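Both of the next two complexes hold chain A, though its partner changes from chain B to chain C.
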Partner chain A sequence: MMKSKENMVTVYIMGDAYNVPESSTIITAMEYSGFQLTTGVGCREGFCGACATIYREKGDYKLKGGLACQTVVTDGMTLAQIPFMPAEKPIYDLKELKPDINTIKELFPTIFRCVSCNTCTKACPQDIDVMDYIQALKKGNIAEAADISFDCIRCGLCALRCPAEIVQYNAATLARRLYGSYLAKKSPEVDESIEDIKAGKYDKELEELTKMDRKTLSEKYYARETKLR
Partner chain B sequence: MKIPYYPGCTLKSTAKHFENSAIESAKALGIEFVELPKWNCCGVVTPLAEDDIMHHVAPVRNLIRVLEMNKSGAVNDEKRLLTLCSMCFNTLKRSTLRIKEKVDDLDVLNDFMYKEEDYDGSVEVVHFLEILRENGFDEIKKQVKKSLENLKIAPYYGCMLLRPKDIGIDDAERPTIFNDLLTSLSAEPIEWRAKNKCCGSFLTLDNKEIVSRLGYDILTNAQKSGADLIVTSCPLCAFNLDNRQKIIKQKHPEFEEIPVLYFTQLMAIAFDLDKEVMGLDGNYINPVPLLESKGIL
Partner chain C sequence: MYPDYMLESIKKVEQTRPQRFELAKKHGKQVYPPMGEKERGDILANYHPDYKDDALREVQVGPNKGEKLTAKVSDMLESHTRIDPKKFDLNKPDHVTDVLVIGAGSAGMSAAITAAGNGSKVIIATKLRLGDSNSMMAQGGIQAADQKDDSPILHYLDIMGGGHFDNKPELVKAFVKDAPSAIKWLSDLGVMFDKNPDGSMMVKPGGGTCRSRMHSTRDYTGAGICRVLRDEVYNLPDKIKYLEYNPVVELILDDKGQAAGAITYHLGTKQYSIIKAKSVIISTGGYGRLHIRGYETTNHYGATADGLMLAYRAGVKLLYMDSVQYHPTGAIFPEQIVGFLCTEKIRTMGAQPVNKNGELFVYPLEPRDVEASSFIRESHERNLGITTPKGLRGIWLDSPLVDMINGEGAINKYLPAMHRQYARFDIDIAKYPMLVFPTLHYQNGGIEINKDAETTIPGLYVAGEATGGVHGRNRLMGNSQMDLIVFGRRSGLHASERVKKGVKFGKMSLEHVYSYEKEVDEINIDKNKIAPILLPDYIPNHVKEKQVDTEYFGTLI
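Let's look at the complex of A and B:
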């Protein structure tokens, strides 16, 4: 059966024109056009950060960034898929680090090249104020950086667009690790729970859960949600 | 009076005692610092190349925050931005002047920062010392609760408060603003040669040799001129003159260490504010024995 033309749009994948359904995301548009994606694609739910991509829309000079699984195509869109981000990643032992500005200076010296252009923030598909957490790190405020960057899914678009070649998402990961290890308020409840888990308190329940069929599991899950409300 | 306040990175880390003593001393004078709700690096070094607009983005972004504060009502029709660090003061103010001189640059900047409100060139960057001068040194005199009479102080201006001429808050060769402040605090400012000599600035990172040589000259000149201690307003000068005394002492074993204080610490002492506000444990060379021997603490 022929699809009506009104429901199709033209997109340019790596320069070549393809007609795709207008409700396609960038990923489904590529697959519809015959591309087989083996990398640069992951959960397809906007969580894993594997499918970061850049695109441009018709009549707009701005190069935009987004997650290919969440971005719906528009007519005349020019797009591509980025398979891998060759960004620098320092190796460190968290146990040997101190949560202060010297650690940041040592592991991410590029942060001090930031000119506050805000291009990273504009590129972020998670609407995180990326520049603000880089500026927080520049001041040595690790807690603030951890807080601002909390929703980061490490897609890498910030680093891809940064004129100072800062690898923001790796620095943010370090900030959150430092925060979790050294700065966060300790909660004895968590330690107790860990001990309980180690002692096997939940083993029986877990075993029951893993053996449940999908239907029962689903029922139990939604019953739990209702109970919470 | 409520005034927008730009701290800068050192005021939140190595110069925390500068910030605390400034905020509290200002409060005693009825001046309230309202920190910008969001701020980024001042830019640190002013680009001198005609076509370098990129490095004005950082300073201008901070200036936009002042407009936002006026809009939100955080301050009431106060478009002056107060700074404490001499370097931040210099960098931010130079950007305001550059934009006034080359209006076309402002269009480029605004177009580039399209997510922000447009900057309109209306913010004026001021240093805390200027606000103190405007407020009147007599007002400071009224707040003095502890006499600093026996204290001979070398006011160190450095370069960023005074140069270039259109930025400077005082005469570049014969500045007096610190002298006026110190006199109003009942201390005795001394006259000395090295008050506006270079401290070595950023060379402190990769050429400690030069910085300690310059520091030795400045510090010994202050001592020969009879100073008990030095005051300054610049965290980088303070670092070079205070912390680098360690290297100076190694090179010149006969050298006697001399405390270096922020002018606001001295205000906190004279106003008899809390010990915590004075922040005397933040200085590398401990000023407490000297202040005790003078009967001040």
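Let's look at the complex of A and C:
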């Protein structure tokens, strides 16, 4: 059951050949080769989008994109990291915006140049239907764009490949913020709980709790009733 | 995909699944009896890594001198400074600002936005990029008692009980009272919380909660929040300036003992800069990358406890640095994701931990330290774990139950990050269970603060995972994400209020660095051992031998 010695493969990091264990991800392959990473690395778990990397596999003409922390190397792979995207980001005050198509037109005029080539969707390491959320935004359907783009980690790979120079992820961020603050149904129970706290409803009891000795507090804790939904 | 021998054990899990599903239908989450006080105490004492003989060691320098701390933390604190103080002319700062925020996770960015909103000029200095942090990675949820069947009183009790009653009461009180308004603040900024069709918050329970109060944004809760805060920081260029790849390596005080700024070090150009500031907020997060006791970690690349070192060297006490949080469910297979988090939300949605025979052995939602200890007992002492090809041992988290309980497609809809993580390795967690074991997750203790997030040094504030006291000796799921917002905002508010009142600087000084060096010299610490560590060091030895004149960031691992 136990593997005795690991098989090695050759990868080309910015053109140079290195021998690395075959189970390496691109990140661990680079470290194994001696690179002390300060850029192109972040959470190392697929959540932060810092480690966008482009690569080509042996015998394949296609340029692929992936997250270095999530992509396992293959023998003959050639790769380079894209640690930063010099993309445009419009500045706005969310409170001044309206959640409609005019806002999108004003802040992201480029998305109306989309030629529906689907390159962005193919480039996305999160398997998001990027083109679909861009199309939704073009129609002013902010809720749909917010929903489709939800898992975007802002790695930049879509924008890198887009022939229309669209910065999809920034438009998606705006869509989600507009949805969250304007379009989502309100949650009145949250406001009511804030009112209760402001009115001092719990102050006396909380004050008593903070003064309570450990034993009494512990008894109260273990005696509390659990009611889960 | 799983190798054949694991599939055999999975068959047993599948055999017991219908029965366990019936149990869940009948008893909800309570498919196994929760432990009482004594049982909890026993299992912790016998199996939790913190209770091992060599887990703790007396620290020999600084404000906690003589106190037993997690051994690796003592090792780190007994380190030299990275700088030669003589080389810095503090009269010539490179940047001058009202508020300096160190670290750009959700604690730091809420602090910056709040301080800017209160009229302060802010600089954020951070190690990697804005938002590259543990905050971005949180999956499961954020707690607030804002539902009709809940109250800040019950939230208070849960936090205190979870923390073994070692929490600082004034901090917990502030926390539970601020939590609902923090949810509202985030909603107004555009965070997309999961909601029921009528608009009410969709809440779930968490380990150690007596009510369902876990709010979420699918299983990207940390990102759902952190990316909104980051966008807001980008939108305030006139008020907030940010310096990326610029970790702080020392604080600057003045000769009256107030906070006066910090020294940063650029990871690319290797230049140092002096920042002068009237208030300083440390929000540098936790210490997973110290790999305490050799554990793998869920934490981001820069989680090296730098803030602890900065504050400690300046003379601030640390609280509860003898307690480490191991998350019960870290992945141990496939090997590329070893140590990665399998969010507690999988259990809150009904997944059950079972052993190699498919048997339940613990209530799925015990507080984390108790749950983790029971996994260690099951895998090792009782020998009912499953061993991976790399020799790691763990138990099954039976995830297919999530779809059975919540309807087909629930995993895809509410746990997309988890689903994707395993799908990348050809494992569909809606069909197959996940192999898990505890992983190093969270720094329970940290720098001592009061309810205004202020330390004993005037003008020095701390927020987020770097602080100690809110969670006592064990944090519950969802309370860290809330901690970031509550104390992030409190620190930002009080730091900027201090600026408004007017700060009279004395002479800028690094005297504290000299005197700490003296203490470290007295115990003969190797000159090459330096902290803050900045980044861990993963270069293999056979390569290092050839990197003859290379400097490494981490000196501890």
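Methods note: the second predicted complex is superposed on the first by the 182 of 229 C-alpha atoms of A that agree within 3 Å, B and C clash if a C-alpha of one lies under 4 Å from a C-alpha of the other, contacts with A are read in each partner's own complex, and residues count from 1 in each chain.
Here is the rule we go by: contacts are C-beta pairs under 8 Å (C-beta built on N, C-alpha and C of every residue); 3 or more make two chains touch, one makes a residue touch a chain.
All figures in this text were calculated on a predicted structure; none of them were measured in a lab.
Contact with neither chain B nor chain C is seen for A:Ala17 once the two complexes are overlaid on the shared chain. Of the two partner chains, chain C is the only one that A:Cys48 touches; chain B does not reach it.
Legend: residue contacts after superposition of the two complexes on their common chain; A:Lys138 is shown touching chain B, with no touch to chain C.
For chain A, the partner that touches more of its residues is C, with chain B and chain C as the two candidates. Shared contact residues of chain A with chain B and chain C: none. The touching residues of chain A, when paired with chain B in their complex, are 101, 114-118, 121-122, 131-132, 135, 138-141, 163. By the touch criterion stated above, chain A contacts chain C in their complex at residues 1-3, 23, 25, 28, 31-34, 36-39, 41-48, 50, 70, 72, 89, 91-94, 126-127, 146, 150-151, 153-154, 173-174, 176-181, 184-191, 193-194, 197, 202, 205-206, 209-211, 214, 217-218, 220-222, 224-229.
By the touch rule above, chain C contacts chain A in their complex via residues 5, 28-29, 36-37, 128-129, 131-134, 136-137, 144-149, 151-154, 156-158, 160-161, 165, 169-170, 172-173, 176-177, 180-181, 183-184, 187-193, 195, 198-201, 203-205, 209-212, 217-218, 220, 222-223, 227-228, 231-232, 234-235, 237, 245, 267-268, 298, 300-301, 335-337, 340-341, 387, 389-391, 416-417, 420-421, 424, 535, 537-540, 543-544, 546-547, 550, 552-553. Those residues of chain B whose C-beta lies close enough to touch chain A in the complex are 9, 12-13, 38-41, 43, 54-55, 57-58, 61, 112-113, 115-116.
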